[in-house]
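Dropping the structures in below, format is structure tokens.
Both of the next two complexes hold subunit A, though its partner changes from subunit B to subunit C.
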Partner chain A sequence: MIPNIKRVGNVVWEIPLGYRKDMRVPVRIYATEKLLKEMDEMVYQQALNVSTLPGILKYSYVMPDGHSGYGFPIGGVAAMDAETGVISPGGIGFDINCGMRLVLTNLTYNEVRPKLKELVDLLFQRVPAGVGSTGFLKLTTGEFKELLQMGAKWCVEKGYGWPEDLERTEENGCIEGADVSKISPKAIQRGIDQVGTLGSGNHYLEIQWVKPENIVDHEAAKKLGIFENQIVIMFHCGSRGFGHQVATDYLQIFLSVMERKYGIKILDRELACAPFNSKEGQDYFAAMKCGINMSFANRQVILHRIREVFSKVFNTDPEKLGLHMVYDVAHNTAKLEEHIVDGKRMKVIVHRKGATRAFGPNTEGIPKIYKELGQPVIIGGSMETGSYLLLGTQKAMEETFGTTCHGSGRTMSRTKAKQLVRGEQLIKELEKRGIYVRSVSYSGVAEEAGIAYKNIDEVIEAVALAGISHKVVRFLPIGNIKG
Partner chain B sequence: MKVPLIIVTGYLGSGKTTFLRRVIENVKDKKIAIIMNEFGEIVIDAEIIKGKAVNMVELAGGCVCCSLTGELEYAIKEIIEKVNPDYILIETTGIAEPDALILNIENIKEVMLDNVITIVDCDSVIKFPDIGYVGKIQIEMGDFILLNKADLVNEEQFKFVEQKIREINNRAVLFRTVYCNGNLDYSLFFGYFIEKDIKNKTHIHHENFEYLYFEYEGKFSREDFENFLSNLPSEIYRAKGFVILDDESYLFNFVAGRINFEPFKYNKNKLFFIGEGIKKYKEKINEELKKILK
Partner chain C sequence: MTGKYIFREDIAIADLAFEVYADNLEDLFKYSGLAITNAMIVDLNSIKPAVIKEIEMENENIEFLLFNFLQEIIFYKDSERLLFNRIDVKIKEEGQKYILKALLYGEKIDMNKHELLVDVKAVTMHLFEVKKINGEWFARVIVDV
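Right after this comes the complex of A and B.
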């Protein structure tokens, strides 16, 4: 821990300006004392490096689930002045627009329990997982390019979803300004057959249970369609190899122009960036938006498959099973937004890497149905511990550019987790505890063991205490498909 | 016998592909299957053999280039089944964390990790002296580290790079290279240590490296032998061979401080050492080994 870190609020900590000469803004860390002590040393160094980037406004933020990542910490937030600031792929993450989707059912725990194995096995078969997994959609290059420009809208038009799904997706499932001419052929090649696939790593699809004692705000839960003992479906995935390739392509471009053309000096090459307003910056922004749309489309097609599977197993129409979306929200993006900074409304490019947009009530950009409540925030925990549904708040708008945490955050590397945990054994133990897991790889399961992560309840407590999110309900997994 | 596997890692643009080209040029007497990074395409003009988990191209020199289309585990099995290589070499993406890959490999029973080669761009370390999260992991895991693009930095800067790398990893063997050429000996990476290789020394073409070879009847205790390896002079970069420890015979592999034993049926102790200026240790090593021999 950095010795002169200051406590500036109950769960807010600050590394003041001047701690390092090159800082442009202070660093702010949202965490309970326990979480702060658990953070790895590199997080501080990375947050400090981010604080030196041109155009950064207010603070370089770390959310309570923060841990070190490529360049920026995961759980890092940085808002740059759109006029004078930079855009950095390391502040977005390689899995562009990776995010969470939450789907309701009108089924209860008792109705699903006897069919759980059948459901999970069929989902495992129909929603491909693993590094090289390919989807059932066979697209031509032309069709894939259309999808990159239209996102989930393309899928719904082709019959993979319901029109209401779009209203309940961030950006209505289709961000404007995605330009396929900024995409490399290699990115197209990597993504073209991956629509409708979970991928690997910490991506998953879960069947979860609303235990009555886990509803925190009954009124909000009711408005969101949540009831006691209900079964819901939550999944986590992103833009697969496509987003990865877009990030890789532009990292190389940025490295070659950053200093030579724009005179930007950074210490860590993983922070490669370009002025947002430059040609390279704008090209990346337009390419990254293709990644955003690819990811929305990916989750849309997966939802379609989930509806098919539930419909088959329960021999009932998906409409009658109440398979409505609550929301789809990303946690790896950079978006152009308007925020009030020092009393002035201005355009900013908000980097959220492993951090979720959490817009408060009446904020522009959230669905009409949630206008009064605030934007739903979906937080995935580890496969053992549970997940949360929160709401964005006005305080988040004021303090953190409308941003909160994204998950529980690793406490140990994948390597260490694999050394400590045997995947095969963990699957057996989870089954004893009533959680049925299917995965393509045992070692992948070990990476995602509960002990490899921070306590999700502690992370949520921190954002709730800080007032940047509002707790609604906690979900418990009963079935898991691990990517 | 398990197929030995080498990981080649390093940032984007550090010279991984150049290194693979050098391997193809220099290692003619081994069948090496090269898995281009998990998503990379094969950039060689030849007929591609399409498989379930991997596409392959056979090169004239005996090398096979592969690109993954499925899970690594299945790809490795497919490669072994189809081409039965002496070595498998995996090039990681410049942004991958090799430590996770190493653990994946440890779970695949058809292969054993032989060594990790990390390629560092010296010029980039000067420009961006804060080595980032992924960069650190890549350097930490390296048994052999190529300080590449050394022509782009001056002597003082090169020393700085060396020192930076040493702060992260002080056990690896460092090489100064330009376009991945330099004081390299491919027998160091590809361990030419089995009997036929020792007799046929045509591939040993580098004057800077010296080799030692010993043969003994009898056996060692595992503890004694591990102690012996741990205390080898630092100029010995690698040791490999067959040993009988207690009542089991093993293939052992020592790379830059990392020791591995793999059960292997053999009736003698044969030990092979490689390093810089190590001939002077010949008697000393012989005496030490004889002392612990039972």
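Right after this comes the complex of A and C.
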């Protein structure tokens, strides 16, 4: 831990300006004392590196699920002045708009438990996962380009979803300004067959149970459609090979111009950046938006598959099963937003890398139905422990550019986890505990074992104590599909 | 020894790190490519050399040459669902440039036949390094998975 770190709030820590000469703003870490002590040393170095980027406002933030990544830490947040600041692919990540979607059912635990295996097995068949998996949509290049510009809206227009799904997705499932002329042919080739696929790593689809004792805010839960012993569906995936290629392409473009053309010193090549208002910055912004839309579309098509599967297993229309979305949140993005900084409303480009937007009540950009409640925030935990539904708060708007954590955060490398856990064994143990797991890879299961992650309850406690999110309900997994 | 790769548990938390050691630059590229593939599939020998792909590229910077070469392997994994287990690399220096020609032998991913691991999304520049130490070539690569 850095010796100069000082406590500035119950769960807020600061590395002050001047700790390193090149800092432009202080670093702020949101964490309980326990989580702070457990953070790896490189988190601090990476957050300090971020604090040197041109145009950064207020603080370089680390959320409580933070750990070291490449360039930015995971759980890293940085808002740049849109006039004078930079945009950095390393502040977004290769998996552009990797995100979470939460879907309700009107089914109870007792109704689903006898059909759980059938459900999970069929979902495993219908939602492709793992290396090299392809989706059922066979698109022409022209159609794929339309999808990149229209996101989930394209899917709903083609019949893969309900109009209400769009209202319940960040940016209504279609971020404006996605420009396919800024995309390489390679990105198209990598992503064209992958719409409707989960991917692998920490991507999953889960059937979860609302245990009565896990509802924290009953009133908010009711308004969000949550009831005791309900079954809900949560899934996590991103923009697949398409987004990965967009980020790769622009990382190289930025590296070639950063120092030579814009005189920005390169501290870490993964922090390659360009002025937001430059040609390169704007090109990347427009290309990255195609990645955002690809990801919204990917999750939309997966939702369509989920509705088909539930409908088949329960022999009932998906409408009658109450398969309504709660919300869809993005993790890895940079978005142009308006925030109040030092009493002045200004346009900022908010980088959230492994962090979730958490807009408070009455904030522009959240659906009308959630106007009074605040934006739903969906936090995925490990397959063993549980997940959460939170709400964004006014305090998040004031303190963290409307941002909170995104998951539980890893504590252990995948290679190490595989040495400690055997996937096959873990699947058997989880089944005894009532969690049925299907995966294309035993090794993938071992890598995602609960011991490889921080304690999700501690992470959520940190954001709740900080007041940047409000706890509604905790979900317990009973069925899981992994790539 | 002509070359080897080792997956490292202590470098990257969320991503996957490996180090490659080789007697010469060509083997460094070959074993780096095999390491990326071995991150995605348990047994390289389960891949049959049914398809050949040719890669030609050049760069003044040896690190970027390796970065781009590995990125090609990832590209084929998504675009044509190909994994390779035989990689023949030729590199020559011309003036300031390194010129690479490689033949990659492999086949399409078949979930019934191939025991798969984790999907590699991208090569990152985080701690990426190519250097010669005491006559031996070394590379450190962290891939986003």
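Rule of thumb we're sticking to: the second predicted complex is superposed on the first by the 483 of 483 C-alpha atoms of A that agree within 3 Å, B and C clash if a C-alpha of one lies under 4 Å from a C-alpha of the other, contacts with A are read in each partner's own complex, and residues count from 1 in each chain.
Everything below uses one rule, namely that contacts are C-beta pairs under 8 Å (C-beta built on N, C-alpha and C of every residue); 3 or more make two chains touch, one makes a residue touch a chain.
Quick caveat: nothing in here was measured; it's all calculated off a predicted structure.
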Clash or fit: subunit B and subunit C on subunit A? clash
I'd like to know which partner A:E259 touches here: subunit B for first, subunit C for second, both or neither. first
Contact-wise, after the overlay, does A:Q419 reach subunit B, subunit C, both or neither (first, second, both, neither)? both
If you tally the residues of subunit A touched by each partner, is the higher count for subunit B or for subunit C? C
Partner chain in contact with A:G191 - subunit B first, subunit C second, else both or neither: second
Considering only touches as defined above, state whether A:Q45 meets subunit B (first), subunit C (second), both or neither. first
If you stack the two complexes on chain A, which partner ends up touching A:G130: first (subunit B), second (subunit C), both, or neither? both
Looking at the overlay, what does A:G483 touch: subunit B (first), subunit C (second), both, or neither? second
Let me test your reading of the model: by the given contact rule, A:G199 touches which partner, first (subunit B), second (subunit C), both or neither? second
Answer with first, second, both or neither: which of subunit B and subunit C does A:L267 touch in the superposed model? first
Subunit B/subunit C common contact set on subunit A: 68-71, 94, 130-132, 186, 189-190, 241, 244-245, 247-248, 251-252, 255, 268-270, 413-415, 419, 440-441, 443, 447
Complex contact set, residues of subunit C against subunit A: 7-17, 40-42, 64, 71, 74-75, 77-79, 81, 83, 108-109, 111, 115-119, 121-126, 128, 142, 144-145
Residues of subunit A defined as touching subunit B within the complex: 42, 45-46, 49, 68-71, 94, 130-132, 186, 189-190, 241, 244-245, 247-248, 251-252, 255, 259, 266-271, 413-415, 418-419, 440-443, 447
Quick one: which bits of subunit B touch subunit A in the complex? Just the residue numbers, please. 11-13, 38-39, 41, 53, 68-73, 93-95, 97, 99-100, 102-104, 107, 124, 127-135
Once bound in the complex, which stretches of subunit A touch subunit C? 40, 67-71, 74, 93-95, 130-132, 134, 186, 189-191, 194, 199-202, 240-241, 244-245, 247-248, 251-252, 255, 268-270, 272, 410-416, 419, 440-441, 443-444, 447, 483
